[in-house]
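The two complexes that follow have subunit A in common; it is paired with subunit B in the first and with subunit C in the second.
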Partner chain A sequence: MSTTIDTSSTRAGAAEGRPRPDGPSVRQRKPGGRDLVAALPWVAPAVLLIFAIVLFPAGFMFYNSTRDISISGLDQGSVGFDNYVEVFTFPYFWPIFLRTIVWVVAVVGVTVVISLGLAQILNKAFPGRRIVRLAVIIPWAASVVMTTMVVYYGLEPYFGIINTFLVDVGLIQTPEGYGWTRNPETAFAWSIVIAIFVSLPFTTYTILAGLQTVPADVLEAAKMDGAGPARTYFGVVLPQLRGALSVAVLINIINVFNSLPILKIMTGSIPGYDADTIMTMIFKYIQNQHKVDVASALSVVAFLIVIVIVAVYVKVVKPMREV
Partner chain B sequence: MKKSLRLSAAVALAATASLTLASCGFGGGGSGGDDASGTTLDLLVPSYSDNTQGLWEDVIAGFEEENPDIKVNLEVQSWDNLESVITTKIQGGEAPDIYNGGPFAGFASDGLLYAAEEVTSPETFSDFQDSFIANAEVDGTAFALPLIASARALFVNNALLEQAGVAAPPTTWDELLDAATKVSALGGGVAGYGMPLGSEEAQAEAAVWLWGGGGTFGDADAITVDDPSNLPGAEQIKKMIDAGATQADAGSTDRSPLMDIFVQGKIGMQVGLPPTVGQIEENNPELDYSIVPIPTQDGSPFTLGVMDQLMAFQNDGDKQDAITKFFDYYYSADVYVPWVQAEGFLPVTKSGAEELSDEEALAPFLEVLPDAQFYPSTNPKWQATDGAFKALFGQLQTKPAQEVLTEIQAQVDAS
Partner chain C sequence: MAVTAPAFETIAPPAASARRRRYTEDQVPVGRLLLRMLAGLIVLVVFILPYTIMFFGSVKTKAQIRSVDPTYFPTEWHWENYVNMWSTPETPLVQNLISTIVISVFATLLVLAVALPAAYYTARFRFPGRMVFLFLVIVTQMLQPAVLTSGLFRQFVAFGIIDTWAAMILVNAAFNLSFAVWIMHSFFAGVPKEVDEAAQIDGAGRLTVLFRINLPLVWPGIVTAIVFTFVACWNEFAASLVILSTAGNQPLSVALTKFVGQYETSWHYVFGVSIVAIIPVVVLFMIIEKRLVGGLTAGSVK
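Here is the complex of A and B:
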């Protein structure tokens, strides 16, 4: 922050551990084959792991997407890109695609806004803060399927407690309650609510970690200069949260896009394709139609969509750039 | 340079995350095969009830005692997962030796199955009821062994019908609509007719209505869902829903949870299975109900018969003898009858039917069994048809009947 012309002894000592840019150094030469061989034992496990769990499945998925796989799972030869044609000519594909975008934008957007507020509260010292911080983690610690099932049963007509409550307070007129999970729009809306609920802990904690790196003296300086709370927040705090926020958003986009269990449980019994996203559609291809080949094709499409979204995001927001 | 490294790091992260779903398909199975002491048979079965696992374990224990050189590995899966599991196993070259499931014609036409006669002794084979073995044939050869049968009948809540002033259980569609409307009018969350068109078993409720109106799903050669004879049934379903004679959201209600509501006494009438009798006895023995034949358009008797099968996969040729021994043991009356009885289904062997003929709870079902019609399960496209019904049939609630039938037919034809 402050620059001094004084070169103290500690400076010289520290310089010994690091090659000085102007000094003559053997490490200046370009990394050659010898270095690579020397590094191999250290990077090989990671490279193998990446190959085994990222590249091989991706390649295999792409291979499957160009095959004709019978209903009982036998490979019956290549069909070129016919499976992709089937994916894109499916009349519900574009509505499903749009719904996927709505799903990602709604869940990630609302999650981030709520998390910003929550993190702000948790960053203030107040009695019982530790307990509140723990409470925020709970949705993270619980299994997503379990959380979703609890809500699903709560929404059941006849015996669900949410339905019973709404009937008791007079908001629903039919005595058995409303079929929240039986209608595409309401089931999808509730799924968004659950997805936000389970995404909150991670996002809140990432932002909280970011908040704790905001130096107190900067805030003090803002106060001295007469900035009000709103001005301080938007002018000083928020820009410093950029790093934490953009990582949280990136990871949330990927996670939410690929989320299957919530929608599968909440919209599973609804006929037709009016509440599906790309992920549940992949699942339906496998489960209902036994088309592993077409499911693979749609998976490849989904994979490309995620990569495009992430690439655009990284290009525009530069989340990995140091603040 | 540095920036592009970071970009690729982010892309790799995205790749890892998005592949978690795709890589699910690689779940490994146990690797059966022969060990030093003898043959090992892999047995994959679905769970019919909480007793299923124990019942199979008893069968296996008895079998292994008689045949010490053969070991049987049991794997029990839920019905929801069963078909994904078998597909994954076949794809990975890990097909079980014996499999208990519904549709089998797809496997047979892929040349994966033993013919039934190759894996049973002549005595066992001739003991099967002829109509059932006929239902397991593809091109004149039986590729599956009937395991259990079930028939459907209408469960009627006597108390609710009486309250609504309905004198006798309905036998025709008009009477059913009338009775169900009256029961629904009782209010208090009571529904007249429980109509489960949700994905769980939409094909069954579809068959009850479409076939009850003279329709058909087709035969071994062709699937004909989009057929004029199916329209009356589909229209009648819409009529029931529009008249408010059913529970709310019929199109997306699953069968099992709805049956629970019937057991609780809040539904006037619903089509049920033999195991429903045991379910009522266990959960609400006070329920005053009766079991009557399913009402049809003109009142003629009809029931939907369902038969599940055992099938044997050709893995290594040397297991044929062991499989034959297992089937002969399993279908002997002493082993088979207690098994069927405990699961609450109907037997498929002649000897079994004789032994169970005086069973009271099964009587209403055994009575309707002669009029049973089966799914065209020997058609290689039946599996796709089944899936199409599950995914699409519930749309009847909101879409015109003809449109739904056309859409189902289109999905079947495209498979």
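Here is the complex of A and C:
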């Protein structure tokens, strides 16, 4: 952690062409208790907020996952690991688990591939580039709920505009449509499309930032050596993007895994559990079945999965060390 | 996390000037330029398409938008929808809008009040536990309200603030705090210490140094943090869905989902409200566009 911070502070100073700040401490002596007391008024409110609204509920969730909580919310004592047993013996649990993996891998994978291409386009100079860049921001700023709603409407039979378009170009036969949002498989597939669409802006902008760090003279040198565009891209540009890409992938994995609104809107009204991920299942336990105890157990499972993903990813890709 | 942090203030201006230069000096062939413009145009169309559909839908009548023979473009423009939509029976949209505004504004103010001093102090001074604090901030970034919702729900029931704006202000503030701390931290760290020291020698107190000396220098970082927090709060969905059960307390993101699966959904109103809710945040985001290229990843796990 310390390296991260020091890098950022010295680099930011250097980038502005001002004298580098010499580390955060003015004095040479080791910080002690008096420094802590002096720091409290500045830092304590933030610590308090994190403890009260992030760490405490996390702990409370672990605790609740071992309790029997009635539908009305009354704590009826400890049940050990019964809630976890209920989570794992639920016949749809493993399909949901696998679907969650498909969801994350498909959305993040396709997003990164498309974003690499998008960033190339947006990095080239052409008249009107600024407008295109601004347009790419829109799905990032706009509410995911609202973006999903318009697609849901578009896919409605007879009057949905996307459905109508597909009929007009001959991809589907009748205006009755395919029941896109009525079948779990197609609703899930469209959810993936929407999730990719709303993940593109952040990913593209992160890669764009990475492209700025590719030195122009290196590209020039590659050209001199007779490397074609493809060779230059895969041999010179892509390795330079490693840092930006690993950050983008990590953030996307976390976001997509935690994503609720898209699937909730697209598949929420389909009976059964054939389009659920772990995240939508947690909310079904809370909202439809009023089993906060079981929901807590599944949330703990989800929490641990996030931690494992982040740990494995950081270990393998080392996003913090690069650049 | 700090991969692109250094880029903040340097990237945008050189990129702009390089662009201007390249047309004249590098002599991009006209054919290639046209090809790029075509690619750009396709990207533009794809990205504004859903919102264009939304806009066109918002000026159709209910009969037109639910017609079995729909038209791509509105045949008549029913601007009165933007007045009538607020009294639709599905949900109290005016209250939902007020709720969205109140929660977002107060959560953003809370983030600013809490994150600014912490970011400044950790960038300037060493104290025992400083690294622990910054580590805590990173850990928070890995978490999102969705995964903690069941814990938050029970906690707010116990505290007696379930189904209140206060609860959602706290949630939004807490989960956006880490990003704000990071981004402001890296900006403060970019201000040379000598500036602070000179002011202190002149007899300025720490608060004066922060507000009079540092704030004008790190203003772009603060604006970025404010916009990001505000937009995230504005669009928050998962926690609000569970914590706010009274219709009038819910933000627009939650309220609008009630239209889905209705027997006769008033899609034209859904889209009118969406357009009204989307435009301000998109404009805010566009204001900080240059900084998005610069390096949000300095602290962003959102």
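We take it that the second predicted complex is superposed on the first by the 270 of 323 C-alpha atoms of A that agree within 3 Å, B and C clash if a C-alpha of one lies under 4 Å from a C-alpha of the other, contacts with A are read in each partner's own complex, and residues count from 1 in each chain.
Note that a residue touches a chain if its C-beta (ideal position, glycine included) is under 8 Å from a C-beta of that chain, and two chains touch if they have at least 3 such contacts.
These numbers were taken from a predicted model, which means no experiment stands behind them.
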| item | value |
| --- | --- |
| Partner chain(s) touched by A:R182 [first = subunit B, second = subunit C, both, neither] | first |
| First (subunit B), second (subunit C), both or neither touched by A:A302 | both |
| Subunit B versus subunit C as contact partner of A:G210, first or second or both or neither | second |
| First (subunit B), second (subunit C), both or neither touched by A:R129 | second |
| Which superposed partner A:M61 touches (first subunit B, second subunit C, both, neither) | both |
| Touching partner for A:L118 - first (subunit B), second (subunit C), both, neither | second |
| Touching partner for A:Q289 - first (subunit B), second (subunit C), both, neither | first |
| Subunit B versus subunit C as contact partner of A:S269, first or second or both or neither | both |
| Subunit C versus subunit B, contacts on subunit A by residue | C |
| Contacts of A:S78 with subunit B and subunit C, given as first, second, both or neither | neither |
| Residues of subunit A contacting subunit B in one complex and subunit C in the other | 50, 53-54, 57-58, 61, 69, 73, 158, 175, 250-251, 254-255, 258, 260, 268-269, 279, 282, 286-287, 292, 296, 299, 302-303, 306-307, 310, 319-320 |
| List of subunit A residues in touch with subunit B within their complex | 50, 53-54, 57-58, 61, 69-75, 86, 156-158, 174-176, 178-179, 181-183, 250-251, 254-255, 257-258, 260, 268-273, 279, 282, 284, 286-292, 296, 299, 302-303, 306-307, 310-311, 314-315, 318-320 |
| In the complex with subunit A, residue positions of subunit B that touch it | 3, 6-7, 9-23, 25-26, 83-84, 86-91, 106-107, 110, 112, 187-189, 191, 197-200, 202, 247-249, 251-254, 257, 261, 264, 266, 380, 383-384, 387-388, 390-395, 397, 411, 414-415 |
